[in-house]
Structure formats: structure tokens, C-alpha cells
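Next come two complexes, and both contain subunit A; in the first it sits with subunit B, in the second with subunit C.
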Partner chain A sequence: MATPTYDLLASTTLTSSASSVTFNSIDQSYGDLILVAATDSTGGLGIMTFNSDTGSNYHRVIMRGTGSSAQSSSETRNNIVVNSSDFSVSIFQIMDYSATDKHKAVLSRDNRADDQVVATASRWANTSGITSISIPASSGNFVAGSTFNLYGVAK
Partner chain B sequence: MSLIPFGFWAASGAGGGGSAYDLLETTTLSSSASSVTFDNLTSTYGGDYKHLQFRLLVNRTSDNPDANTMLFRFNNVSSSGSYMSHQLYGSGSAVVSRALSNTAGYLRGALAGEGVTKPSPVIMDILDFADTNKAIVSRTMSGLIAQYGQAVSLESAMLTTGAAALTQVTFLNLGTHTFSTGNRFSIYGVK
Partner chain C sequence: MTLIETITVGSGGASSIEFTGIPGTGKDLLILVSSRNSSTSVSLEYRLNSDSTSSAYVMKLLQYKNGLVDTDSITSTKFSGVGVSTNYTANTFTSNAIYVSNYAGSTNKSVSIDEVSENNATQAYLRISAGVWNNTAAVTAFSVTSPNLLVEHSSASLYTIS
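Coming up: the complex of A and B.
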């Protein structure tokens, strides 16, 4: 029997500039999380972390087109990048986020009209369920009007 | 409130029109398996849904880097040249574009995660799956972030044998590799 899903868990629209947005106490009963961020920031980037982990535990491979070239690179970081310029749209698919027996895999697309389009696969090297997501601006603030919506998808 | 429930670009909300995105089935492997098949898709879901989305989290029982490709078939078609796909993928050092024609669709970037703790994510959308006047087409985003390989991939694929409704989807491996215990295969319906 079909199970209605894709439920809005939390939504934040900034009414004034803010240096960070955090989702705490995330419901653990879903299979996947989808984070949709339409943002602009003074620094051009947000940096997302799970469960307040700021260690070098985030691995990613990225593919991007800049309008003049196509590039791919990989790296280990202490966060996941969120493009944030001219209200770029970033959508993160966080798979099996509540599982406790596997690292967390993330597929994301960043659509930054002023600069680049990006596809990324990331892995958080931690088997804990994701109970909080923090998204500080890399520098400065997210501007008013930036939106952050978190959805839960059953599995 | 309108609902825009499709794909990984989707934005959605709790609208007054009822759910337009439903979980239909999930298979979580209780033991390793060489393939996973979903049957009777049009007859079961074609009356209620317009599009299907598959969400997978998979890895292999082998750490062999040569195993870093998984396959899929529509309607159990396996004849030579039945699938055309175009892929754009980033390997971590270069962006590669290629076209394939084969006996199955290749998820170049779906790949195998290494070990149980490093599964690869796959999201595949199949539009108008019950339409008998169109060829079966899919788009997929997938990734691998592991020791022996890494990639992020965007792919379009088509069953080239003619117009048909989608009755069956099979995910399978190259060679003797198998999907691991705990791997998850979910289908969602979009109205």
C-alpha cells in the first residue's frame, strides 16, 4: 500500500540577515532527508555540518560547469559546501540519514546562475544518525529572504 | 498550496490537494543478491501515478574497483544494442562525456560503495512510465565516494526497442558481484 510522504519537517525564511541556520532534533523516522536552500550570502558560500562535526570527515567529488570550462575534483573537508550567491538553489539528498550502520551519502545539485552549475556526491564518514544540521555562512551572513526547507521521505 | 513533487529538483510541501508523492515499495536485502527486480509496475501503479522515482543506496560485496559499475534493465530486455545512454560524469580529476549502446543501461556513477559502510546513492526518475506511445526513458544522478573509486554522474537512458509501458525494472551487477545485505531499493510514485 502506498505511503504518502515527502513531508515538510522544518522551514526557515530569514526575515533579516543571519550568520547561521540550524535544524535540531531531526525526526529519525524517515528514510531520507531533502534539504532545499535558496540563498544569498555576503561570502558566497555556506558550509554545512552534521551533528556539529567539524572534523575532516566529509569527502566529496564534484563536477561543475562554469560557462567556460567543465571541471571535476575531489577532496576531504570539514564541511559540505552550499553555494550561496544571488539566491542560488541547492538541493541535497541525504540518504538513509537515520541509519546507524553506514556512512551518510549525499547527492546534491547547486544551481548558481551567476557563476556555475554543480553536481556533487559526498560522504560523511560517520555511522551516527543525523540529528542536527548546521549551515553557517562561510563568512558574513545569509541575507534576508534566504530560505531553508527540510523534508522527510519515508523508505 | 501547489505541489511540485518531481525529482531531485523537487520542492514540496503539505498542500491541500493531498499527497502527490508516495512511497510504493521498498526492498531491503536480508542477504546478498546479484539483482533486484520490481515487477508489474504499470499494472499495479499506472492507474494512480504518472512518474516513478527509484531511490537506491547500494554497495557491493567486492572491493574490486573493476566492479564499480551497476546495470539496469527495463522490461527484461537484454538484446544487443537495446539501450542508449549518455553520461556526464566527474571522476575527481576530469569531466567525461560518453555515449553507450548496450544490452543494459549502465549507471557509470552508480558504482559500488566499498564495504557496508560506504554505500553509493542513486536516484532515477522515469517519466510517463505507463504510456504505451513512448519509449521508456530515464534520468539518473548517482555517486561514489570510496577508496578505490569516486565519481558523480548524470545520465539519460532509453530503451530503444520501441514504445512500451514499463512493466519491470531490474538492477543488476557486472560479472559475479552482488549487492550487499542491507542495501535498499525504494520506489516512489508521483501523481
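Coming up: the complex of A and C.
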């Protein structure tokens, strides 16, 4: 049986505040991508887009627990939400990201212990392979110490 | 992702599984647990660096619990996990995944936990949890503890992600 691999493709640790982090020229030879973002930001959220697409092409279903309310919803957005507060950790699995014949599915877990726990299934309605990922803060900046690690999972 | 160690409970059971001396060479930690309790408790406890300080662990959780969906906030001396009790179908064990980001860093540690105790019956759990350990120390130890004993064949594996 082949040995599964989980390779670090790119890593960014902010040494000073920054309004955005971008991964370009993503290796297309892996099966899936894993993005782990442990961040804090002045605005409390990041917003992720693929291939600089800021159109309303990101659809999601979400379930959320706030400690007092269990919620579910669906919506169409022009980005994928990344929780960003008190170095919360968000983990995204982007399936078959390099395929050119299917929309891209993303499973994610957003974790803010001070606020909410979230599980989301998203779809980017585009058949292009994902070659870049941009994560700007929704407002303000990501603070120093925020980390963004991008891994490739072998086919 | 590198397997650091797997610990399997032997005959007679054990009250806990503990990893110590975790190397600080990775970015994140992943711990996978398969467990069954020797009692009617459906709880597990997770601790970092053996810390049992009051209010050290803060959680938000969302879960399917015995046919209902609910959510909770917990501040405690440990992270609360999902176990399998003696009331569950024989030979069923939990599946628990605990992800600790930036475990060797100097900020409080954020944790993502996914757990299931499937029972082929209404009595079962599916839980997701967000946690923070309010401590800036590097994580060098991790423990899984049962209120009573973890039965033979319970196991946990620790991976670093670099």
C-alpha cells in the first residue's frame, strides 16, 4: 500500500500585521489541499477566494453552535469565511482542487472557543484548477503571529 | 504528517493514555483516539501538559446526542470528550480526532475536536468542538483519561504535522 503524504506546500507566519495573505502558483500535482489558519484579526473575520474570483460563486451550508443556540443555514457568497479571533483555528479541506472538470468542494471547521464552533460544506462554482488562494481580512488586519499553512495531500 | 507514537491499552485496562516528551519540531498536533470505557460513563477527558487548573480549558460544542441536537459552553479543568460506555453495543469504540494548532508556540492553544460514538441505536454521539487552552506554554504532553478505565484495545496515536 502506498504511503499517504501530507506535504507542506507553503507557510506564512506574520511578523507584523497584514491585510492579506496569498498563496500563488499552487502545485497542481496533489489530490487535495489542506489549509490551516490560526489567526487573530482586528475585524474578526477573513474571507477566502480562489483564483481571484470575487463573484457570487461560493455556495455553502453551515451548522453552528454558539453554546446557547444550534443553527443551520445556507447561502451564496462571494467568498469563504475564515473565523479570525484570539488565534482561532480554521481547517479547510479542498477536494480535487486541480481538477478542471468539476466544481470544487470544501469541507471546513471553524473554531472560536470564545464564540462558536462551525462546520461548513462549500462549493466553488468553477471548474478551473485552483492555482491561487487569497485570504484578506474582512476589515482591518491580521495581527502578528497569525499563521497560514497550506498542505498538499497526495493522490 | 509523522506518527510519533501509538499507545494501546493492554489486558486489565488503564485509567489513561498519556504522551509525554512530545517533540517541538512540528507546526500542529493530531491525536486520533479509539476508546471504550469500563463504566456507564460516556465521557472522556483531554489534558495538555497535565494541566488541571480551574478554567484552563474553554469549549464551545455542537452535537447530536441521543437523538437530539444541542450546543453547550464549557469552562473546566479539562477538555470534555465523547466516550463509549458499557451500555453500547459490544466491541464498539469511539473515534476522536483532536487537532492542536501551533502547539509549540507561545500563544494560547486553539483546538479543533471531531468525535463520534456510533452505536447502531439512538444512544450515540456526534460532536464537534472548538477549544482553547488558556496557557502559552508549548505542549509537551497530552493525556486521554476515562472516569474509570479505558478497556483493553483502546488506543491513541499522536502525529505531528510539519
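Just so we're on the same page, the second predicted complex is superposed on the first by the 152 of 155 C-alpha atoms of A that agree within 3 Å, B and C clash if a C-alpha of one lies under 4 Å from a C-alpha of the other, contacts with A are read in each partner's own complex, and residues count from 1 in each chain.
Heads up, the rule we're going with is that contacts are C-beta pairs under 8 Å (C-beta built on N, C-alpha and C of every residue); 3 or more make two chains touch, one makes a residue touch a chain.
From a predicted model like this one, the values you see are computed outputs, not experimental measurements.
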Practice item. Based on the superposed arrangement, let me know which partner A:Ala119 touches: subunit B (first), subunit C (second), both, or neither? Key: both
Point to revise | Partner chain in contact with A:Thr66 - subunit B first, subunit C second, else both or neither | key: second
Review point. If you stack the two complexes on chain A, which partner ends up touching A:Val106: first (subunit B), second (subunit C), both, or neither?
Key: first
Review point. A:Tyr6 contacts which: subunit B (first), subunit C (second), both, neither?
Key: both
Point to revise | Which of subunit B and subunit C A:Ser74 touches, first, second, both or neither | key: first
Review point. Which of the two partners, first being subunit B and second being subunit C, lies in contact with A:Val36: first, second, both, or neither?
Key: both
**Study point:** Partner chain in contact with A:Val143 - subunit B first, subunit C second, else both or neither
**Key:** neither
Exercise for review: Would you sort A:Ala18 into first (subunit B), second (subunit C), both or neither based on which partner it touches?
Suggested key: neither
Exercise for review: Determine, for the superposed model, which of the two partners subunit B and subunit C contacts more residues of subunit A.
Suggested key: B
Exercise for review: Find the residues of subunit A that appear in the contact set with subunit B and again in the contact set with subunit C.
Suggested key: 4, 6, 8, 36, 63-65, 70, 91, 109, 119, 149, 151
Check your understanding: In their shared complex, at which residues does subunit A touch subunit B?
Key -> 2-8, 31-32, 34, 36, 59-65, 70-74, 91, 93, 95-96, 101-103, 105-107, 109, 119-123, 127, 149, 151, 153-155
Check your understanding: Which residues of subunit C touch subunit A in their complex?
Key -> 1, 27-28, 58-63, 69-73, 99, 101-102, 105, 107-108, 110-112, 114, 128-132, 161-162
Practice item. Using the touch rule from the top, collect the residues of subunit B that touch subunit A in their complex. Key: 5, 8-14, 18-19, 21-24, 26, 48, 55, 57, 88-95, 109, 113, 116-121, 123, 141-146, 150-152, 154, 182, 184, 186, 188-189
Review point. Touching subunit C in the complex: which residues of subunit A?
Key: 4, 6, 8, 11, 36, 38, 63-70, 86-89, 91, 109-119, 145, 147, 149, 151
